[in-house]
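The following blocks contain the structures, represented as structure tokens.
You will see chain A twice below: alongside chain B first, and alongside chain C after that.
Coming up: the complex of A and B.
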């Protein structure tokens, strides 16, 4: 499976390609080194276990460089933390991102390199690629920001059993967006067994991320 | 046996040390006081977007009479009191007209719940800035205090340490 990471490399700039190749090596060495029976037991994870795991669906949206990002293909082999948020969000979104950034900085690189954070904008009208990039850079420049037509974003959310985002007018010329606040964690088996609600703390992430990276749920 | 004892001692010493530093880090700092009301834990995270930011604080009421927080004013931008309400899986911000502060109780603004949202920021809140904030209460009390702008790293660190529930 880690070999398919290489398939996504051709569109990346040389430096990114080198880093991805390193990350790919980390994936390879990690999967060789880890315990083959490291499937987390019920109750071991601090996230909310889903009764029915979600498949890692296939969709393509534009990243902040304006290039197409094929979600399933370009996150293959990584623990992928998928969140639907927006940059005018003053509370839940920045706290989620700040928690993840802080924990990833503290985790050993061999674990952190196997985690990808992807935020899909639920406010594509105001979240221009530049704005989304600047906002994510405030937390971690490696975080992936994706945007596309809101209809497509809502379709993706529905496919993941999430309620679609709701635009709410707050005044004549301003609005906010109601959105699902949980982060979906996809694992190496290309499914999500667990989600993390708003209010998840660094200690919870620091506890669960290494387990998710080493988890060995049977692939589908 | 001896090794076990040593280990236990080491672990308890480390635990004591880490508790001590944790307490110091989250020691309550009263930033303003008037009558029975005291403001603690006031901070604003440095804004990741140039025009949106939030503000958090706790108001403790040591008196016998209830009070209500009505408005928040700051030269930093337009300040509105919000709460995060989750319904049918959707988290949304709802404006809050008035926030009660019960007698011998408190009103706490913290990430994931009540917060002040700044819109139309005059300029981005940068790490190290201090902004002035004034609270107007139903009793007529005004509380004016400086608010430090902290990095989000510091904000989530405080969350992890667990802010004291009272002060």
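Coming up: the complex of A and C.
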């Protein structure tokens, strides 16, 4: 009897410590798993992680209403998806825009409202403000369309490590524009940690956008 | 020039393009049919084929040609999953019954005369085997990974189309196969066989109709050919699969039911 009592008494503190440690671990793991502001782990995002995040550059171009749009200032705090394209683009641009619009329509409003899609025209000669607006409205009226001199647009692209747009004559009176196909995703910390190439699917956006919105990237 | 339609990833253009492989297939079928009727008819056969049979066979070849040639072929292979589903119905549910119905019994007997062909026909004439082949092909050829991989090459696209056709021939043989030596099913069993095959297509149809996002990378990322979003196109595909496929099968089951009813009445009248 004494042995059994003694044995029971002697094991209690150890079991208590074990249970306390277990509870602590559970709380810790719970806080990591449930914290919506945690930084996405490598491999968790389906976009391509940049080894060195890109700072959100400061530029001003005209929006489709003809008003100046200060990119850094007017997208501050939003997940901003920046794309360089043109409305005569036959494949990549409309697919990117259609996929983003489809996913934003399905995401919870509080997530969708924290995402801004900005398309900068690489064909300002043909993409008049009206044409650009009509084209973007076909996907989502909230999408921002920007245009400016091609030299300035190319300068912005170079600053983002993107190749400048190249006009390619397809016939005597027609041309197309070769341009970067990826979408750069700036997060709330005003940096881009991830880019989305051509071929990014709706399911990929639906997976990543909530993570990008909720992520808390460490300060620079 | 390409000989069979496949997904090329370029912007869709309403400009006619030739697909010689499709014409060759149609020419071989029609040429082979005409040659067989003219030269292979056994002496005892009064006519090579009934008029209705010839019309049926030609319509079957037309259905194949329509499914594989421009514009349905390239649209289905690389742009619209709804057209791809329409192609499936043409290859598996429309062309095969017309081809089987259009082939005279003496010609079918000739085709299965070689021993291996006869054994293969006997094996494929078992309803459970036919049920399994038809439905496995249906499910497998609608798997996104397979569709995304196969339709990007001419050979892959051709293989998929021919697999649909072959599975359709096996399926419809249970319903329309006229040769007593292959033990055809009774009318009630044929009707039951048809109705049982209505349920499995519901699986891909439901996935297509109710998926939150496009299932096939190929059709999602293809330049838009018409004013339909990738998801609307996919939902339309689900409806086509379920409604049109269901109508074909239930329609045939109804025809069989009335034939059975007529046959029973004639037999009762004789007694």
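General remarks:
In this text, the second predicted complex is superposed on the first by the 181 of 220 C-alpha atoms of A that agree within 3 Å, B and C clash if a C-alpha of one lies under 4 Å from a C-alpha of the other, contacts with A are read in each partner's own complex, and residues count from 1 in each chain.
Going forward, a residue touches a chain if its C-beta (ideal position, glycine included) is under 8 Å from a C-beta of that chain, and two chains touch if they have at least 3 such contacts.
Because the structure is predicted, anything quoted here is derived from the model rather than measured.
In the three-chain model built by superposing on chain A, chain B clashes with chain C.
By the touch criterion stated above, A:202 is placed in contact with chain B and with chain C alike.
Within the superposed three-chain model, A:106 lies in touch with chain C and out of touch with chain B [touch as defined at top]. In the superposition on chain A, contact of A:88 is made with chain B only, not with chain C. Touching more residues of chain A than its counterpart among chain B and chain C is B. In the superposition on chain A, A:98 makes contact with both chain B and chain C.
Within the superposed three-chain model, A:73 lies out of touch with both chain B and chain C [touch as defined at top]. Superposing the two complexes on chain A places one region of chain C into the space of chain B, and among 116-124, 188-196, 224-232 or 260-268 that region is 224-232.
Chain A uses residues 90-91, 94-95, 98-99, 102, 198-199, 201-203 to touch chain B in one structure and chain C in the other. Here chain C touches chain A in the complex through residues 9-11, 212-214, 217, 220-224, 229-231, going by the rule given at the top.
Those residues of chain A lying in contact with chain B across their complex are 87-92, 94-95, 97-99, 101-102, 131, 134-135, 138-139, 162-163, 165-166, 168, 170, 174, 176-181, 198-199, 201-203.
Considering their complex, residues 45-46, 48-50, 52-54, 82, 84, 86, 88-93, 95, 111-112, 115, 117-119, 152-153, 155-157, 159-160 of chain B touch chain A.
Partner chain C is touched in their complex by these residues of chain A: 90-91, 94-95, 98-99, 102-103, 106, 198-199, 201-203, 206.
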